[in-house]
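I'd like to ask some things about the structure below.
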Amino acid sequence: MNDPMLFLPLIPLLPFLGFLLNGLLGSRLPKALVSAIALVFPLASFALVARAAWMVHAGLALPVVEHDAPAWIVSGAMHIGFGLALDQLTLVMLLVITGVGFLIHLYSVGYMEHETGYWRYFAYLNLFLFFMTTLVLAANFLLMFVGWEGVGLASYLLIGFYIDRKSAGDAGKKAFVVNRVGDFGFLIAIFLLLGNFGTLNFSEIAAHLAAPAGLSGGTITLICLCLLLGATGKSAQIPLYIWLPDAMEGPTPVSALIHAATMVTAGVYMIARAHALFDLSPTALMVVAVIGAATAFFAATVAMVQTDIKRVLAYSTISQLGYMFLACGVGAYSAAVFHLMTHAFFKALLFLAAGSVIHGLSGEQDMRRMGGLRKEMPVTFWTMTAAVLAISGFFPFAGFFSKDAILAAAFHQGAVGKALWTVGLITALMTSFYMFRLWYLTFMGKSRTESRHAHESPWIMLTPLMILAALSVSGGWVGMDRFGAFLAPVTGTPANAGDAHVELMLSVLAVLVAAAGWFVAHSIYGRSGSQSMTESLASPRRVLENKYWVDELYVACVVRPIEWIARYVLGWIGELVLVRGSAWLMAGIAGLCGEWLRRWQSGNLRSYAAWLAAAAAVLLIFVLAGTLLGVGGFAQTISWAVR
Amino acid sequence: MNTTVPAEWYLILSAALFTLGVVGFLIKRSLISIFMSIELMLNAVNLSFVTFAHEWHAVKGQIFVFFVMMVAAAEAAVGLAIIISIFRARGTLTVDQIDLMKL
Amino acid sequence: MHLVLFLIFAIFALAGAVNLLLQKHPINSALSLIVVMSSLAVLYLLLGAEFLAMAQIIVYAGAIMVLFTFVVMLLNEGREEKTWGSRTAKTLGFPAAAVLLAIFAATILRAGRHYGTISLSDGVTTTQELSKVLFRDLLLPFELTSVLILIAILGAVALARKDNGEA
Amino acid sequence: MILSLILLVPLAGAALVLLLPERGRIPAWIALLDSLFTFVCTLHLPAHFVSGRGGFQFEENVLWLSHPRISYHLGVDGLSLWLVVLVGLLAPVGVLASWKSIQKNTKAFYSLFLLQQTAMVGVFVSLDLMLYYGFWELSLIPIAILTAMFGRNLNESSAMKAALRFFLYTFIPSAPLLVALLWLYAHTGSFDYTALQAAIASGSLPSWQLGWVSVAFLLAFAVKVPVLGLHGWLADTFSEAPVAIAMIAAGKLGLYSLIRFHVELFPALAREAAPWMIGLAVIGILYGAMLALVQRDFWKLLAYATLSSLSFCTLGIYGFTLSGMNGALLQTVNEGLIGAALFLMLGVLFDGARSCQIADFGGAAHRAPRLAALFVIASLAMIGLPLLNGFVGEFLVLSGTFTGVSKGWATAAALGVILSAAYMLRLIQKIFLGEAETNSPRIRDLSWQETCTVAALAGIMLAMGVMPTIWISTMEPALQSVTQKILTVDQSPVSTASGTVASASTGEPR
C-alpha cells in the first residue's frame, strides 16, 4: 500500500467507483444503501489522504507517479500521461476536499432525504470528488484540465439538479458556458506551454524555467494571462464571475461544497501551482492582484443589499476569492492557500447553516421573511455565529489569521500594495457589515415568517455543522508562519514581512474595522428589523440591487450580437444567399440550357434520323478526311484536332 | 469464260445500297417502310462484310454476318411487335403523327 | 461469266432498293425488299459464301420478310398519306446522305487499288470451316445469341399482347 | 481473404434479404445477424494488424481486366483500419435504430442498407482507383434512394427534394473525378494506387493538367465531407433521411478520401490547397457552431454541429502536422460514433413526438431517464469533455495547428469549443429539462436494445477518451508517412522519402 502507483490513483478512483455504483444501480437500490455507498467511498478516500498526511508528517518521500504513469495521449513527440503527484499544496487541498467533502456528504443525507433524485444527487457528488481530487493530484496541466472541466461538469449537473425548474437549467447552462470561456483561456495556455516547452509536466516546466536561458517575458506573460482567464472562469472573478450567483439554484449542500469550499478555489490552486510562471511575469501578477482586489470590493458591495440568503453568501464567496487572488497577485501564495483553507471551513459552514435554516423553514430563502430563529434553531444559530465571526475576521477565529496575512502581504508591496491593502480593508468593513446584516435578519428580532413553524434540523445535519464550527474557530491557530513554512517547498518562502510593530498595528486595525462593520449593521438592523434599510440611499441601492446591470450588459454585448450574426448574417446571407443561392444559380443555368436545347427536340422521328445521318457524315469526314486528303491516318487527325 | 470483278465494285454496291437505305429512312412516311429501310442498310453492310471476308480469307467476317442476321431476326420480332402496339394505340403508322416524344 | 452475273444482280439489287423508296404502298416496298435480298443471296454465292447465301434466302427473304408482309397485311395500312413532314429531314438529311455516299465512294475507290479481284474459281468457304469457327472459337457468343433471341421472343409476346397497352 | 469476406458478407446479406419473403421481421433479423457477423469480421483486422509495419496489410491483388488494366486490389493500413471497423460497428447500430421506425418495405430498406455497407467498406479498402471509384459511386446511390423512399417526414415531396439535392451535390463532382481518373490512367497506364503515387511523385506528369486533376479529386471529396460552402445537402439529408442512413452520410468517406487520395496522392498540390482548406475549416467551425446556436429544429442543429466538428477534421488534415492528422482521423471515428448515438436518440424522440421542433419538447427527462442520461453523455463527448473521445481528437487537432501551423487560426478554432458547449447544452435543456410539455406523454424511453446499443457506444467513447493510444498507435505510422511525404515535397519536389525527415515530422513547426 506504500506503492504510490496503487495508493495515489485510489484517492480519485474510490469516489468514481461510488459514482458508478450509484449512477448505474442507484435507482433500484434502497435509500439506505445509496447513502452508505455515497458515504463510504469519500470516507475511504479521506482515510487515504489522512495516511498521506501522516507520511508527509513523518518526513517520508512524497508519492509521485509520473514517469511510469500510464500514457494517455501520445502523438509524435508529445507524451502526456496520467501522472499524479502529491506535495504539501496538494495535501492541503486534498484534506479540505475530502474532509469538508465528506462532512457535506453526511449533511446531504439529511438535507436531501425527501428529494426524488436522491441516488442521482449522490452519484453527481461523488463524481465531483473524483474530478476535484484529480484536479489537485494531477502532475501535468492536461490532467489538471481534465479535473478542471470535470468539476465544471459536476457543477453543471448539480446546479441543474432540480430538473423541473427552468431557472435551474438556465443557471447550470450559464455556469458551464461561462466556465468554458475560461477553459478556452486555459486551453490556449496549454498550447503555448506545449509549443514552448514541449511538455506539460509541472516538474519539467519548472526545470525549464529555472534554466538560465529562459523564455522572454512576453510569452510568459501571455501564458500567465491565458491561465488567469481560466482561473477567473472557475473561481468566479471579474470578468467571468456572473455564473456563481445563479449557481445558487442548486441544492444548498452543493453550494457549500462546490461553490464555496472547493471547486471555486481551483483557480487559486492553479495559480499557486503555476507560481513559477507567474513569478517571472510581474505584469501578470499585477493583473492578478488588481482583478482580485477589484472583485473583492465589487462583490462585497453587491452582497450588502441582497435579500436572498444564499445570494449574499454567493457574493461573499466571490469577494473572499478575490482576497485569495489578491494574495496570489502580491506573491503570497501560501497566504492565499491559508485563506483558501479557512474559507473552506467557515464558508462551508455558512452555507450549511443557511441550508439548515432553509430546511427548517421548508424552502424559504428570502431573509425578509426570516428573523428570530435564534430560539427555534439554537445549534444552527451558534454555529452560524462562529462562522460569521470567522469571516468577519475577529480574533481568534480562523478568518482573522488568514485575512490578516493577506492584508499584511499586500501592505508590504510598495505603493500599489498600499492601495490594494486599502481596498482590502474597506472590503473587510463591508464583509463584516453584510455578514452581521445576514445574522441579524435571520436570527435576531421578531419572526417574520408566515404561519410556518420553524424546526431545528436533524442531528445528521447538525453534526457536520458543529465539526465545521470547531474548525472555523480553531482553523487559523496553526498560524501563518508555520503554515507558510509547511508550504514553502512548493510555493517558495514568502517575502520577509516588516517588523512586528507594524504587523500588530495592522492586525488591530483589521479587528477594529470588523467591529465597525458589526456596529453599523447593529445600528441599522439590530433593532428595527428590515424596515429602515430601504429608505436611505435609494439610487445607489438600485444600482447594487441590480448588480450593476452586468448580466444585462453581457447579454447585450455578447449574447445578442452572436445570435444576431448567426441568425441574420450567417443564416440569411450565408445559408440562403450563398449556399442555397449558388445551388439555385446552377440549377437556373442548367434550366436555361435545357430550355434552349429543347427546341431541337421536335419529336419528329425523321428529323432525328436526319440529325443522325448528318452527325454520321461529320464523324466520317472527321475520321477519314486525313486519309482522303493524304494528311495521314486517324491518329494524326485526332492529334491535329486536339492540338 | 472466267472474268473477274474488282472487289471495290462490291463495296461500291454496298455503299449505294446503304445510302438508299438512309434516304429511305428520310423520305418514307410509314413506320413499317422505315423499318424496311433499316433492313436494307443492314443488308448493305452484310454485303461488305462478306466481300472483305473473301478479300482477306477470313471466316470470321462471314460469322459476323451470321450474327447480324440473328440480331436482325430478333430485332424484327420486337420491332414489329412495337409497330403493332403503336398502331393499336394510335391508329396510324405515319411517323409525322407519332411525335409524343416531343416535350 | 462472273462479271455478267454480278452486273445482273447488282442492277436487280439497286433497282429493288430504288423501287422500295418509290412505292407508296408498304406491301410493294416489302416485295421490292425481297428482290434486293434474293439478289444479295446470289452475290454471296459469287463471293463463295454458300452457307450465308442459303441463310439469306431462308432467314431474310423467307422468315423476316414474311413477317413484314404479314404485319403489313394485318394492319392494312394502305397507301402512305402525304403529310407535312419535317423540314430538317429534307434540308439536312439529303445533303448528309449525299455526303455519306461520296465519302464511302471516295474511300473505297482510293483504297480499292490495293484490293484483289474476285472470280468464280476462287473457291468456296465450306459450311464445315464455318462451323468449326462458330462452334469452337465462338461458342459462348453463339449460345448468348440464343438467349438474345429468347428474350426477343418474350419481348415480342409481351408487347403484342392485346390487353397490354391499356392495362 | 478477410477483406473480401467483409465486402461480400453484407452483399450476400442483401441478396438473402431480397430472396426471402417480407414476413414479420425476417429482413430486419437477417440484416442484424449479417451486420453483426460483418462486425466480428472487421474486428479481425485490428486483432491481427501489425502496427509497426508500414505499407498495406491483408492485401489482395487479382488482375480483373487487362485492358484497361483494373485490378481487384484491396488492402488496409493504419489510415483505413479503424474506419472499416467503424463501418462494421455502425451497421448493426443502424439496423437497431431502424427496428421500430421502418415498418414498410423492409426488404428494400435492408437490402439497400447492406449494399451501402459493402460500398463504404469498399471505399476504404480499395487500392485500385477504378475499383475505388466504383465503390464511391455505389456508396452514393443507396443513400439517395433510401432518403427518397423512407423520408422521415410525412411530406413526401420534401424527402424527394432532399434525396435529389444529395444526389446532385454528390454526383456532379464525381463526374470530373472520373475524368481526372481517366486522365491519370491515360498518362500512367495504371489505376494502381502505389503506382500512381510513384508516378505523381516522380514529377513526370504535365503539371498544369495535374493541378486540375487534383482539384477534381479535392472537389469530389470536399462535397462529401462536407467542407464549408459545399454543405448545402447536409441539413436536408439530416432532416429527411432515415436515421440509419443519416448517421453514415457525412464525414468518414470524404475525410478518408481527402487524406488518401488528395493529400497522400498529390502532396505538392495539397500543400498549395492547404491555406484555403485551413481557412475554410476554421470558418466552418465557427460558422457551423454559430448557426447551430440559433436553430429551432434539432436535425438542423445536429447538421450544423456536424459541419462544425467535421471542420475540425479538415483543419487537422490540412495542417500537415502529425498531431493534427492523428487528431483528425481520431475525430473522424469519434464523429461517426457520437453522431450515431445522437441520431439514434433523436430519432426515438422524433418518432415519439412526430416533431423536430425543439420548442415542442421539454421535461423529457422524466419520461425517458435512460435516454436523457445517455444523450447527455453523447453530448459531452461531442463538446469535448476530457476523458471522452471528442476531447482527444479536438485537442490533438488544435495543438497540432497551434504549434505547427498558425496560432491565430488555432485560437479562432478553439472558440468553437465554447460555442459547442452552448448549443449542445441549450438542446439538452430545451428537450430534457424544465416542465413537461404537451408532447412528452408520447415520448418513450429507449427500449432495452437501444439502451444496450447506445450504452455500448458510450462505453467506446469513454474507452477512446481514456486510452486513445490504442487507436493512435495504429494510425500513427500511416499518418507519419503522409506527413513525411508532405515534408519531402517541401525539400525537393522529385526525390523520394529520405530517412532524415522522419524524426522531424512530429508536431514541430516546419
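Here the chain labels run A, B, C and D in written order, and each chain numbers its own residues starting at 1.
Throughout what follows, a residue touches a chain if its C-beta (ideal position, glycine included) is under 8 Å from a C-beta of that chain, and two chains touch if they have at least 3 such contacts.
Computed from a predicted model, the values in this text were never measured in an experiment.
Shared contacts of chain B and chain D, meaning chains that touch the two of them, come down to A. Between A-D and B-C, more contacting C-beta pairs join the chains of B-C.
Rounded to whole angstrom units, the spacing between the C-alpha centres of chain A and chain D is 35. The mean-CA centres of chain C and chain D are about 58 angstrom from one another, to the nearest whole unit.
Note on chain placement: the centre of chain B and the centre of chain C lie 5 Å apart, centres being C-alpha means. Between chain A and chain B, the centres computed from C-alpha atoms are 88 Å apart. Residue positions of chain A touching 2 or more other chains, listed in rising order: 602, 604, 606, 609-610, 613.
Among the residues of chain B, those in touch with two or more other chains are 22, 26, 96. For chain C, residues touching at least two other chains, in rising order: 85-86, 89-90, 93, 96-97, 100. Pairs of chains in mutual contact: A-B, A-C, A-D, B-C. Note for the complex: chain B touches chain A at residues 22, 25-26, 34, 95-96, 98-103.
Chain A makes touch with chain B in their complex at residues 598, 601-606, 609-610, 613.
Residues 165, 169, 229, 231-232, 287, 290-291, 293-294, 321-323, 326-327, 363, 365-366, 369, 380, 385-387, 391-392, 395-396, 398-400, 402-403, 407, 410-411, 414-415, 417-418, 421-422, 425-426, 429, 432-435, 466-469, 472-473, 476, 480, 505-508 of chain D are the ones that touch chain A when the two sit in their complex.
Interface residues of chain A, counted against chain C in their complex, comprise 602, 604, 606-607, 609-611, 613-614, 616-617, 620-621, 624, 627-628. Across the complex, chain A is touched by residues 85-90, 92-93, 95-97, 99-100, 103, 106-107, 110 of chain C.
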